[in-house]
Amino acid sequence: MTDSIQDRLTQAGITLPEPAAPVASYVPAVEAGGLLYISGQLPFSEGQVMTGRLGEDRDLEAGQKAARLCGIMLLAQINKALGSLDRVERIVKLGVFISSAPDFTDQPKVANGASDLMEQVFGEAGRHARSAVGVPVLPLGAAVEIDAIVAIKQV
Amino acid sequence: MTDSIQDRLTQAGITLPEPAAPVASYVPAVEAGGLLYISGQLPFSEGQVMTGRLGEDRDLEAGQKAARLCGIMLLAQINKALGSLDRVERIVKLGVFISSAPDFTDQPKVANGASDLMEQVFGEAGRHARSAVGVPVLPLGAAVEIDAIVAIKQV
Amino acid sequence: MTDSIQDRLTQAGITLPEPAAPVASYVPAVEAGGLLYISGQLPFSEGQVMTGRLGEDRDLEAGQKAARLCGIMLLAQINKALGSLDRVERIVKLGVFISSAPDFTDQPKVANGASDLMEQVFGEAGRHARSAVGVPVLPLGAAVEIDAIVAIKQV
């Protein structure tokens, strides 16, 4: 990676984890037409998935942390698929699914945990389109799940 | 815009609103590989988000209106990002998320509020692929959220 | 189709159904930039949609069957849109929405019903990125809905 992106990761105190292996019959990332499609990532912290539901047993701060953890796992998957985060031309789109009690409506603030990370790491190239919605439940009881589309630098 | 698209907007009584600014750390639209990815849009009417849940405190007609308002905001974002709706080659895909009571199953009819709008404005080029699903809750308590992928005319 | 893909369909005991017509103002599939975007497909069996909610009135096995039925309908739509499944370069991404009780967290196992099918039919080219999330309710009360992005072989 360039000094710049590695510096930013270091400054943010981020060490990329071993990317999570899919527990099922799919792959973490597929490249097509200059774009990398990354499978929905769950928030892992020290090998444990961060579970819970916003507005019920998780507060906003915990939700933002979960979203950031999903973002870090996205970075790990991108890094593995492309060989380096330097090959990222642009973070194009994040799809953010947030386990939510029926009256929890701060999905955008939760999703910022991942969005802020992308801008922190990639600068202008990290600014992306996004959808953020509430869902009743996620795989393994996770608090947040995020998938992504990334544009790849063409050599 | 060409007379044709402007005419259709006028005939439909649609004045494009000022596109809503993202309340968070992302951007309304990103172009990549000839496609424009537009962030999930909420249904704004006179500056107020249209809230509620289908099958609970919103009926089908209100849901369709909310979907149409999301569609109008998508048009405003496309217009701002591309400089003109004339640069739309094709509406490729709408992702429609509908705040739904557990027994409300008319998501397709609700989503038509946006789908019909796209065909009304762009004709054949407005006919798109779509997913429409129920969710328990959306940002700001919105009744509907819709994101989009648009193919851009290459000059 | 090549013998290979037709053989695999036959071996799997799959006869492609007449693709379901959209009940609304959208189209089953749109091609853009070398990719085919397929609308969310519901699980039809003998003309009836497979309804229900995982963790409530549908067990894991039923959910996997529903996901597989969505996958078969995706195949039928791809076949119709491209003229042949032989034109599939790669299944790029599946978006899997699973009608789920709030405590049902086995969405990945359910989604495998469709993912396994894709690998069964296309081999390596069928291995895709994926997101799988719980939702409270789906169109027509369906148990599962799946949309897809497919890369098309360029002649």
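The first chain written gets the first letter, and so on, giving A, B and C; residue counts start at 1 in each chain.
In this section, a contact is a pair of C-beta atoms (placed from the backbone, for glycine too) under 8 Å apart; a residue touches a chain by one contact, two chains touch by 3 or more.
Bear in mind that the values here come from a model prediction, so they are computed numbers and not experimental data.
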Touch-based graph of the chains, sorted into line, ring, star, complete or other: complete
Same vs different contact residues, chain A with chain C, by half of numbers used: different
Rounded Å distance between chain A and chain C, as computed from the means of their C-alpha atoms: 25
In chain A, residues with contacts to at least two other chains: 33, 135-136
Residues on chain B engaged by chain C in the complex (per definition of touch): 33-35, 89-90, 92-94, 100-109, 111-112, 115-116, 119, 127-136, 149, 151
Chain C contact footprint on chain A (complex, rising order): 22-30, 32-33, 37-40, 53, 95, 97, 135-141, 145, 147
